[in-house]
Amino acid sequence: MSSNEIKYDVLTLGETMWRLSPPGRERLDTTRSLDVNVGGSESNVAIALARLGKRVAWWSRLPDNGPGRHVAATLRMHGVDVSGVCWDNGRLGTYFVEFGSPPRPTQVIYDRANSSASHMRPEDFDWSVIRHCRWLHLTGITPALSASCLETTRRAVHEARAANVPVSFDLNYRAKLWTPAQAAAVYDELAGCATVVIAAERDVRLMYGANCNAHDLHERWNGAVVVLTRSADGAIAYDGKTDVEAPGYPVQVVDRVGAGDAFDAGLLCALLDGKPLGEALRWGNAVAALKLTMQGDIAVIHRAEVEHLLAEGSSAIQR
Amino acid sequence: MSSNEIKYDVLTLGETMWRLSPPGRERLDTTRSLDVNVGGSESNVAIALARLGKRVAWWSRLPDNGPGRHVAATLRMHGVDVSGVCWDNGRLGTYFVEFGSPPRPTQVIYDRANSSASHMRPEDFDWSVIRHCRWLHLTGITPALSASCLETTRRAVHEARAANVPVSFDLNYRAKLWTPAQAAAVYDELAGCATVVIAAERDVRLMYGANCNAHDLHERWNGAVVVLTRSADGAIAYDGKTDVEAPGYPVQVVDRVGAGDAFDAGLLCALLDGKPLGEALRWGNAVAALKLTMQGDIAVIHRAEVEHLLAEGSSAIQR
Amino acid sequence: MSSNEIKYDVLTLGETMWRLSPPGRERLDTTRSLDVNVGGSESNVAIALARLGKRVAWWSRLPDNGPGRHVAATLRMHGVDVSGVCWDNGRLGTYFVEFGSPPRPTQVIYDRANSSASHMRPEDFDWSVIRHCRWLHLTGITPALSASCLETTRRAVHEARAANVPVSFDLNYRAKLWTPAQAAAVYDELAGCATVVIAAERDVRLMYGANCNAHDLHERWNGAVVVLTRSADGAIAYDGKTDVEAPGYPVQVVDRVGAGDAFDAGLLCALLDGKPLGEALRWGNAVAALKLTMQGDIAVIHRAEVEHLLAEGSSAIQR
Amino acid sequence: MSSNEIKYDVLTLGETMWRLSPPGRERLDTTRSLDVNVGGSESNVAIALARLGKRVAWWSRLPDNGPGRHVAATLRMHGVDVSGVCWDNGRLGTYFVEFGSPPRPTQVIYDRANSSASHMRPEDFDWSVIRHCRWLHLTGITPALSASCLETTRRAVHEARAANVPVSFDLNYRAKLWTPAQAAAVYDELAGCATVVIAAERDVRLMYGANCNAHDLHERWNGAVVVLTRSADGAIAYDGKTDVEAPGYPVQVVDRVGAGDAFDAGLLCALLDGKPLGEALRWGNAVAALKLTMQGDIAVIHRAEVEHLLAEGSSAIQR
Amino acid sequence: MSSNEIKYDVLTLGETMWRLSPPGRERLDTTRSLDVNVGGSESNVAIALARLGKRVAWWSRLPDNGPGRHVAATLRMHGVDVSGVCWDNGRLGTYFVEFGSPPRPTQVIYDRANSSASHMRPEDFDWSVIRHCRWLHLTGITPALSASCLETTRRAVHEARAANVPVSFDLNYRAKLWTPAQAAAVYDELAGCATVVIAAERDVRLMYGANCNAHDLHERWNGAVVVLTRSADGAIAYDGKTDVEAPGYPVQVVDRVGAGDAFDAGLLCALLDGKPLGEALRWGNAVAALKLTMQGDIAVIHRAEVEHLLAEGSSAIQR
Amino acid sequence: MSSNEIKYDVLTLGETMWRLSPPGRERLDTTRSLDVNVGGSESNVAIALARLGKRVAWWSRLPDNGPGRHVAATLRMHGVDVSGVCWDNGRLGTYFVEFGSPPRPTQVIYDRANSSASHMRPEDFDWSVIRHCRWLHLTGITPALSASCLETTRRAVHEARAANVPVSFDLNYRAKLWTPAQAAAVYDELAGCATVVIAAERDVRLMYGANCNAHDLHERWNGAVVVLTRSADGAIAYDGKTDVEAPGYPVQVVDRVGAGDAFDAGLLCALLDGKPLGEALRWGNAVAALKLTMQGDIAVIHRAEVEHLLAEGSSAIQR
């Protein structure tokens, strides 16, 4: 490969787990079977981007057993390159999701401690690949998993900067992994090196105060483009010059999990295609809306239907 | 059978397919199983009429294999006479339905080309039966399937006229089968011989212009009673004397496909029972509303529950 | 056991059946499988109370075969003591539920005649247990099942009074079992001996007139605390001194059946915990709301989530 | 209908039930769902005959509710005429089947007492139909259900005799319904009027002694052709002149229930087609063997595959 | 409780896990769902004993979340007392089972490291209960889980000896948990204190040499009754006086896992009932044979069917 | 890519279909759902080879709709490169499989006429890729699909010869596609250019006479290595010098379809690894045996378990 040849549009890395959930509205206490889905913030983004036509690689550690191979097969199925995965004899992290119905909340229980992915180390990966990538995507989950995961994330950011590869960073605050104070320090370090930072407005308020806005964060994070998502209310962004905003789509929700990752994928796809920030927000909203209509973390979308939704809006039946 | 003995209340003919759909909101791209339902506009009408107590015969061509026999068995199960079906060694038409959730549309993919039904010819059937029927029901789908299907539809209309058997004709425009211009010529020929013509108001506007109304169509089609359906908004009709209208029912929709056929069945049942046109529209709306609460093309209704809905309106639980 | 030692917080008795329902919105006419749930008003209350941490015993007659053992196993699974059940060689009552979608009603068909439970007699049980209980719960269904069931219910009330054990009585009027007039006589006898009487406001109006209110019933039933439930509109109560009221929760309903029993359990749990009547109504509403989000008659709840709902209200996702 | 016109090749009557069984090897004690099949000795025979191309009518009483309509729909699906069924407001008999695996036996639990079918009376049916039938088929189950069922069976035999319609009678001894002594008296009465009597050799030995053979029974039953079935070992028969015998097929059994009824259908089909007794036994064995490869009481066979099995024997795959 | 009152027939303790297996012969690499069963050697024994009518308590540590509560509910369902379980905030051990078909082996993957049960400590339990038990059952799995588990097992043995409660010990060698040498030392310590020691002959040969027999082990373990199981070939035993042997049953195996535990339960049940050792082996074989016909680790048996199998042998159908 | 760089170990091309089969032993006539599997002789080989660690590309035409994308996703999931597939707007070929049980045969019904794959043409593919491949695998199915498919197969063979890439050719005779005479002419043309020819001994006898053996075929096909498969009886081969033979494995068959393709993959994998022909036959037998234990056409194998089976033989459970 010549030194500046592009092999991947996007490289990302992180932990991906089995998501085990009782069918329908059944409870874990009494269930007889579990639906198996594959979920991880970064791999969700990777899959949606690959389905939108981008060349995407995902790096992680996986155990070389049935569950680990299942995760790799799922990513391959959707077109993501998993050749950089590091295989070991550990365990796959899992999480249980019990779907509620208002007023009963959907509940998530993690069983991810000591997973193979939590043992990710910088030396597991071939960093020379980064200079053949157009973009690096990271989230705030990975650095919270373990010290070696934090080191791996740091290394990724520094390699990208060294190779002039833009970095997107989604805060993805997880209260079960660390405290806001612990998270904030790491966020400042990593988001401060990023080109685009994406965060749920809800998390931003929790961590930086109810009055914190995109302008504040833009400054805090050394001029990064700041994108704030507001679930059904769409998204806003500030790039240092203009405030842009795009409303969300009315959705009859089937499964909420993974919608934020789908947003990221839509946003990054549009940015990689050279679209302006406002249109990228609309792409993010459209991909997120489609994901919400599907069971599982993964946005099983096609580029044509995203474009159709953006152009024509919703329709009831196509025949 | 004596020459004027009535054997069937309604005779109908057309193509019926296997409808294959992934369970729940699953996508075709990733599904591991398909739910099998049976659907065809005319057989949907036939089944609902049979369940409402009418003697109904359905004619078609079916392949003499598992899928073909499945279709015949399904019609028999609901009480439709399939003894006039012509069996061959062809293939059963199929269509795939992928259920969406707003803003993701439900998508229909047809795989019906070269089906056994598309080879229907006038000589496949014993036309002397028509004079022992009280009514003939046809749709605008059959003549679009092939030249021999068009010939068969024409023959049916002419035999009915010759025997003084009233004919209902539901336009059922299918954009994947022909253009509005192709369709319009055939519609004029067939609807012009019909006693009752049913059309979706949406299709009428597409084909005859946004201002076209029931009066225009009544005239265009030689005095046929014209019934226009408006989905959730109910139906209107004009019989040359009076404009009648009936509002639809509020429905929590389970599956939209087949609602128009259910409407036809309710309408025809009421007309055959000698009810006035306005009440026939209400019957059509009630049967359509019940169909919308069920998975599959078929209205698995009972006459008593239609009458209960018409008399008492909706109720949450009966125990 | 010393003479005043408490063994059970609550004792209850009644009929429990297999509830057989086609999956989804499928109809009994065409279904290929039936979901098996266990349902009975008193055992629903018993299970929810046991899950909330109370020691609960349930008495009944069950056939010593697969279906009968299934019922006992289900109660045991949720922590209810079934050691007092009387086993015979009869049949388990069943009922079929066909889930509708508006405007199609959910339909319940009973097949409970001549069930083992309908043969319950006073001599089937060891009445000395009652004085080791803190509470007795009965419903108006049991006395409607048979003469011997009526005798058993009477005996229970009299034993409780003799042992100074408070009694709750839920009218639970079932039109398929008896007429309002038949029911009213029995209600007066039994509710007149109860400490707390619970009734659906709808049933009260049917039986005692549209103007009948909690004050009237309090007087009619010799000073019992009267609790009237209003489905989504919550509940009201009168204890001879104060009128209390608690609004219901907005719920996205999954399955309605059993919500009234869940209300009873929440109410009784709070009363047994010494909470005031108003708070007991709120407990009843919370448990009922959670039950409505689950398939089946049974409220598969945990005390912590009831308390969370009462304290924090509804939330979409917990992770 | 002219007085000697044939409307049905075979008329039969009896009770048909819902057969409810846990999936796979699951037990009733712990199951969460039940597979629904339809089973009744006479309707099993009727269905297999209809599938083999005969015109068949089945008479019974059914409740006019979901389960009852389900039974009628299933018979119609397979081509059996159910227009002679008498509808009431009773209950459908059910039976539970728990599939074992050696050494655990498959277990059958009946819940059929007081079913609609058990209330069958002679006056429920239009006996004039019998003279338009080529054959009447009865079993020894119906007369065991109730006094009125016995009367109905008697009436059927007498009407057939009066109309010179041959009668087949399958003993089908059921130990849960009556004792051998009770059964024997009725068998002698009914089999003594039959043209063909079919019995499991096992039952014959139980009732008439280990040494009883087809010749003895031929004499006992006034010269009826006697057919004795021996499960996997095939069948033997004696018609007063010749002893014939046909070996069974080696089968990998999927579900045993209904194999005897399938044998009856094969036998009767061949006899109606004018085949000699030995070939009729072979037809019986072939249809029974095919039924054993299917879940459920019903032989979902096609005439072509019966003929293929008879002509070519077993094959592993056809493509 | 008076000091010598018996509360439980059998007390046991150990780890119980969720067993997650793809349906049918599906592989973990590609599965979309997992069947959930509950399995643990000691709880399997506990459940089978409870189903045979014994009063049984099971002690362990479980996480207070859905999976942990599911395990406790399953034991309660089958009649086991779980009131002595110690609840924490840990994780439930799980294991994956992928069912093969010869020549493809069934494969088991454990994910049990750091489970709640592995943190069991002597101080988690109220040891005064032991003197109210008739029997203590332990296995060689628990001491292999962790140092604190080993301490807990030791404590149990010592408490039982102090209270003169007989102890059964099943070696249950697990090669994934420790080496033969590690295991042997612990076995000698624990089996040397036991009344009855059960082992697979296969394991005995692996650990003590191909020539080791029951007499050698009887001596090695201070006079314990030694029972050796040989899968389909039944079991042998030596009590210091007599060699007894009982052949296994021919079985059409549905699921092998848990058969050894079922054997233990049959054996212990018979010994507790005062039956001689030879008959106890036969009980062990019968319960094991029935378990082999069921999916899952658990023997969902009834005492009557065990007795029927012992008395009558296998039968194909009971109706 | 430099001119002699190897990109793929194996290239193959052909038609892949959706295989739709009723669950269990259900029949097409009555089924309510279909299991979806993906099957095509060449893609089955490609998948098994990729799972064994080879770099494999598969070429075909697929419709750009849900079913077509499903096929591509399945191949990608198992590691096959589908970037050379030509997409169109046609239909995906399907076939129905109804699983029998002896004596009822498994039945296959094809609905593949006019599929996208049948329109494959030489100009759909970039033939320059062949010189970067180590091996080309073809079957006798593709040339039977259409004239353009025959042309494509011919072109592939000629390109491979020109690039000195060895070719394997599996006759795979399909009686529903052409007659033996039609097939034989094409076989001679293509097999005559192949390095390795694989055929079922059964087909060879059908086409070339009962006495035809591997030596005859070796000569007929210009010195190709001839491999004859005999199902359970293993395989034999002749390479012009030595006759080699390898016995099959005893298998408890779950699904027969695809076993021949699995054999091919095992054989080719071993040959590519430089193993001698006899060992390659053993590899073929081992992969075929594992495939037979799985539902579906695809051998979801791992290299380690093939090696384990070859080295250790069958084992019942691994834990």
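Each chain gets a letter, A, B, C, D, E and F, in the order it is written, and its residues are counted from 1.
Assume a contact is a pair of C-beta atoms (placed from the backbone, for glycine too) under 8 Å apart; a residue touches a chain by one contact, two chains touch by 3 or more.
Nothing here was measured: the structure is a model prediction, and the numbers come from that model.
Engineer: Decide which interface, A-F or A-C, involves more C-beta pairs in contact, and give its chain pair.
Structural biologist: A-C
Engineer: Can you compute the centre-to-centre distance for chain A and chain B, using the mean CA position of each chain? Integer Å is fine.
Structural biologist: Centre-to-centre distance between chain A and chain B: 47 Å.
Engineer: With centres defined as the mean C-alpha position, give me the chain B-chain F separation in Å.
Structural biologist: From the centre of chain B to the centre of chain F is 45 Å.
Engineer: Mind pulling the residue numbers of chain F that touch at least two other chains?
Structural biologist: In chain F, 27, 29-30, 32, 69, 73, 77, 107 touch at least two other chains.
Engineer: Are the chains arranged, by touching, as a line, ring, star, complete graph, or other?
Structural biologist: Shape of the chain contacts: other, as it matches none of the listed patterns.
Engineer: Let me make sure I understand the interfaces: which chain pairs count as touching?
Structural biologist: Every pair of chains meeting the touch criterion: A-B, A-C, A-E, A-F, B-C, B-D, B-F, C-D, C-E, D-E, D-F, E-F.
Engineer: With touch defined as at the start, can you tell me which chain E residues reach chain F in the complex?
Structural biologist: Per the touch definition, chain E meets chain F at residues 24-27, 29-30, 100-108, 110, 174-176, 256.
Engineer: Mind listing the chain E positions that touch chain D in their complex?
Structural biologist: So the residues of chain E in touch with chain D come to 77, 249-254, 289-290, 292-295, 300, 305, 309, 313-319.
Engineer: Which part of chain C faces chain E closely enough to touch in the complex?
Structural biologist: Residues 69, 73-74, 76-79, 302 of chain C touch chain E in their complex.
Engineer: Spell out the part of chain D that touches chain C in their complex, as residue ranges.
Structural biologist: Chain D reaches chain C through residues 20, 23, 27-36, 65-67, 69-70, 73, 91, 96, 98, 107, 109, 111, 113-114.
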